[in-house]
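Read the structure below first, then the notes.
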Amino acid sequence: MSILVNKETRVVVQGITGREGAFHTEQMIEYGTNVVAGVTPGKGGGWAVRNVPIFDTVREAVDATGADTSIIYVPARFAPDAILEAADAGVGLIVCITEGIPALDMLKVRAYLDRVGVRLIGPNCPGLITPGETKVGIMPGHIHTRGSVGVVSRSGTLTYEVVYALTVRGIGQSTAVGIGGDPINGTDFVDVLRMFEHDPETRQVVMIGEIGGTDEEKAADFIAQHMTKPVTAFVAGQTAPPGKRMGHAGAIISGGKGTAADKMAALTGAGVRVARHPGEIAEMVAALA
Amino acid sequence: MKLQEFQSKRIFAQYGVPIPDGDVATTPAEARVVAGRLGGTVAVKSQVLVGGRGKAGGIKLAKSPAEAEAAAGRILGMNIKGMIVKKVLVDAAADLHKELYLGMVIDRGRRRVTVMASSEGGVDIEEVAARTPEKIIQVAVDPCIGLKEYQTRDLAMGVGLPREQWAQFAAICQGLYDAFMESDATLAEINPLVVQRDGKLLAVDGKMVLDDSALYRHPDLAAMRDEDEETPEERTARLNGLSYVKLDGQIGCMVNGAGLAMATMDITKFYGGAPANFLDIGGGAKADKVAAALRIILTDPHVNAVLFNIFGGITRCDEVARGILQALGEAPTNVPMVVRLVGTNDIEGRAILKKAKMMTAETLMEAAQMAVAAAQHAA
Amino acid sequence: MSILVNKETRVVVQGITGREGAFHTEQMIEYGTNVVAGVTPGKGGGWAVRNVPIFDTVREAVDATGADTSIIYVPARFAPDAILEAADAGVGLIVCITEGIPALDMLKVRAYLDRVGVRLIGPNCPGLITPGETKVGIMPGHIHTRGSVGVVSRSGTLTYEVVYALTVRGIGQSTAVGIGGDPINGTDFVDVLRMFEHDPETRQVVMIGEIGGTDEEKAADFIAQHMTKPVTAFVAGQTAPPGKRMGHAGAIISGGKGTAADKMAALTGAGVRVARHPGEIAEMVAALA
Amino acid sequence: MKLQEFQSKRIFAQYGVPIPDGDVATTPAEARVVAGRLGGTVAVKSQVLVGGRGKAGGIKLAKSPAEAEAAAGRILGMNIKGMIVKKVLVDAAADLHKELYLGMVIDRGRRRVTVMASSEGGVDIEEVAARTPEKIIQVAVDPCIGLKEYQTRDLAMGVGLPREQWAQFAAICQGLYDAFMESDATLAEINPLVVQRDGKLLAVDGKMVLDDSALYRHPDLAAMRDEDEETPEERTARLNGLSYVKLDGQIGCMVNGAGLAMATMDITKFYGGAPANFLDIGGGAKADKVAAALRIILTDPHVNAVLFNIFGGITRCDEVARGILQALGEAPTNVPMVVRLVGTNDIEGRAILKKAKMMTAETLMEAAQMAVAAAQHAA
């Protein structure tokens, strides 16, 4: 078992003929992902890398190949349209890698997705992976290993760092989900924690937060009330000053809210083991494994 | 991207929000001319993108053109929290009766634009929020429907405005909301929104922060960027596509990925060091970009050690190594450097660096400890 | 029993100080309607006709009086705002009498109401009445009498005509609902038919349609599949020419669709007794009573 | 409110939809001047608000200014389905390769704006819908999100446009949608949308219907109403707030309420009569309005009986009776009249009418039968 994606997942790549789309399609297929179709408007009827058929629209791709999950690599100004197109074409899961989508665009897109009931991971995220089964994202596949730790994170490379440390210690992952670093996104910590709580394979969870917003505080509430599985957390940005955007659009301490200290306190209060630095995470997980 | 007060207010005015008559001056003589045209008492206000201008002496009232000239002379060139004042706004003084607050932000928790108003205007709204949160009235705007008049009425009643002013207030709310939406703002604020003795409302101070991701569709707004308000390093970083924030410490950090960059700073601090900056080179950086990043770090005279932490995915470790050597080749330095490379092409990367006799580390913990030790040794 | 409104219904009148609002508030109170509050922004704190307290906002009115139903008499350009205000203030039923609301405004309002789950009757409707209990509308109360016939209609005076004919024959009504003559409205025939089907007091239903749209056809489908109670129908506009708007914004035959003949055929096909002219309706109902 | 072709196309052009170069002429000489300026072949098109102008001879091609003048001479003054042509549009002829259809309406069933496109342009789209509905491609627009580019791609593919034209088509769809939304239209249509031999798309004919209820916020559009296109009776009715549609029968009808008015017409027909009009005096009509309504009915020379059916609620029956007498006092007539009054103040109303020796009826059925009999007797 795993959450969200597994070896049955049939992936359509939106923006498959772009540089990033093509590169990561190859990487995904190499990892074993079942990439069944690509979409690039105006290039339908052709073939992308690894002989993946290209369609002009997501609907055609879904109709022809039974794709149930979309991954989006199109540039930011076209990405909201791509997300909506995927939602209307009937895929159940959309993973948007694209960075730099305007927040007001995402506000409308998220409201629409909530209305039609389609799940979005991201945007501005590395995607997700169920080790040994499928990778729907841009993370380096080989650092993962199959096991029982669920990982959910707002960052990209910091997740790789933590996953790598787990793998090196022989601790495998059930699914690792990058929910992205934007202020308005499709899926938050609570959504993923709930799925891990219900996933029989997952025995414990690592949650990697960062400064900005109140997502970690909401997660703490959820953990205190609903989680039976142990959670280990880290919150990046303890040294970040207020008012400065730390790379991610969402990583900013504004109005005195969203500090790492607040988040760490909330998580500790919810019974979560909170690492002081990323090097401690794998140790703490190992102690429970 | 933050806009200056005068820029924000001019945008608000385009949407029907009443602002004081006034103009920008870059010399005391210009300030005198503007004050002469306005007549009466004027406010001379430093235009810098930091808070607390008033307390720092960056805002002065002047009762005559001569006084305005003198005030501008004192304010222009002033250093306010590291920013040199190069412009003042000379505004006709408001006939102040009461000060309100009106602002709007993208509210992450609600996933809505939230409009906030308070009867406690003219002071730092974050203090009001901390001290008396009940004095901030909020309404969330449905993205499909927009701000509705009944919501502005809730705000007007909440801040205790008498009925006669509801229509004025509603128009200002609507104007500010339209300005917010059509400019792709993340924050728009009028503080204070002054109720004058004659009952007219006036946006005396204004602030706007725009969504950098949306600037591509607002070339007119993007052109408002005030280059004087960026340090040369920040400017170089932005133009090179690097995400860079200068801090007060001694250990320069270069990392790929925002979360990992923050975590690297955190672990540096954990081992007793102080990060000199946040620097994210992003994904897939080539040698040129890495070299530019290193030059920016080394421009800071306080840096006495540099920590590289690269987890290669799309980013290739050999490219990073080449970029480091390129920068050092152009401008040799004695600052000690610790490099930790893992992931794509890490073996090649480490081999390149070995030739350059740089310190390398296996884990982030090791690397952080080595960098802290090197910095302490150098200090 | 009855549907939607009864003697417990607590009504707030939006636009109570306007000419129409004041007049009909008196009429409603005279009929026995429990009008607990009025709203006119800027006149809060005062008293309207019959000493109904006035509030500045619907929220205040609801908080102070426990109003659960709103009736709206404000001019068309302010009516969409009034509907949304009522929905946000927590009333469960909104009745909008106002005529002439732009269709694109109603498109957005209806989408919003569907999202938040608040029922709207109208706009451009006479409202609804549960005879002997409460009248939330502008119909002449005295022509109604309590009984077991549910009435649902797109028109105003035509409904009065039919109700009057029923009353004259000694046939009473459970509830009479005017859903309004606009192309985009809050409640359609099917919604009301479903309620009548589930209302124990209602034994048969009269449905009064008119040309334009496909609401009657949808009702026919619903009746064929889900209704056990007999339905008698009339469709006004058999003599209306295509392309001409017959008074109501919604009463127009466009693109060859929405003719009375089509609607009558659909209803007949669904087992509905269809009157050829309004004079026949009461006879047909009497035959079943 | 319907707009003329030239008005619709000018609005479309403001939103970036390409339309032919051209201008309006009200005399043959003007048409010649326009054709001279355009050069080459032109289309001379009658501007009347009815369909089937082409079949009626109201559209002609002209190869020279002289031909254009002659064509305009034949078309101006022409009677097309009762409308006298007072204007022609002289347009540069399109280099026609293919004709598409593009339109949008408020879709009641879906409660959305629906955009429709078809490869069968240039013909009556309702015929296409009846004959080959599969040739009409539809997409519904979410009111919160607006028309999205992928939806225009679905349409473009559905009508068989080659890829090179998708971007042009998308821009036209977006322009038409924006025109629709910002004008509060209920219908906007380009038929045909021509694909020219050089691959460029061109809106050769255009049609727009505006939402009367929304005209208050579009004074510029409201001013486009072409008074020549209303009959004097329609105009009088509109200005008096009456809802009036002329029909071909002999029995004039005056009713309060649209549904009851239609039902009254229906029952008249049922008893063998033919209604001369639809006329709804609305709710709460005063005597003046009733009098105006009666004058309009009596203007129609075919009317040989009048049926009043008033169900008094807000409308007071005595006011209606007074209005009837007022109109008759001003302009006596021999046309027989049947009045049925029920509801508010019906007794007073009937008493007033009794004095005037008008026929009264208890029920609608009786009233209709009496009116039909009176009309037959008069014929």
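The first chain written gets the first letter, and so on, giving A, B, C and D; residue counts start at 1 in each chain.
Simple rule for what comes next: a residue touches a chain if its C-beta (ideal position, glycine included) is under 8 Å from a C-beta of that chain, and two chains touch if they have at least 3 such contacts.
None of these values were measured; they are calculated from a predicted model.
Under the contact definition, subunit C and subunit D share the contacting chains B. On a Cα centroid basis, the chain most remote from subunit A in this structure is D. Centre to centre, using the average C-alpha position, subunit A and subunit D are separated by 54 Å. Note: centroid distance subunit A to subunit C, computed from Cα atoms, is 49 Å. Each of residues 108, 111 in subunit C touches at least two other chains.
Shared interface positions of subunit B, defined as residues touching 2 or more other chains, are 143-144. An unclassified topology is adopted by the chain contact network, corresponding to no line, ring, star or complete arrangement. Taken pair by pair, the chains that touch are A-B, A-D, B-C, B-D, C-D.
The touching residues of subunit D, counted against subunit C in their complex, run 106, 108-109, 111-113, 125-126, 129-130, 143-144, 181, 184, 186, 211-214, 216-217, 243, 245, 247, 255-263, 265-270, 275, 278, 280, 283, 311-314, 342-344, 363-365, 368. Partner subunit D is touched in their complex by these residues of subunit A: 41-42, 56-59, 78, 81-82, 84-85, 88, 108, 111-112. Residues 143-144 of subunit D are the ones that touch subunit B when the two sit in their complex. Residues 142, 144-145, 148-150, 153-154, 157, 163, 166 of subunit B touch subunit C in their complex.
The touching residues of subunit C, counted against subunit D in their complex, run 23, 76-77, 100-105, 107-108, 110-111, 126, 138-140, 143, 153-161, 164-165, 181, 183-184, 208, 210-215, 218, 234, 236-241, 244-251, 255-256, 260, 276-279.
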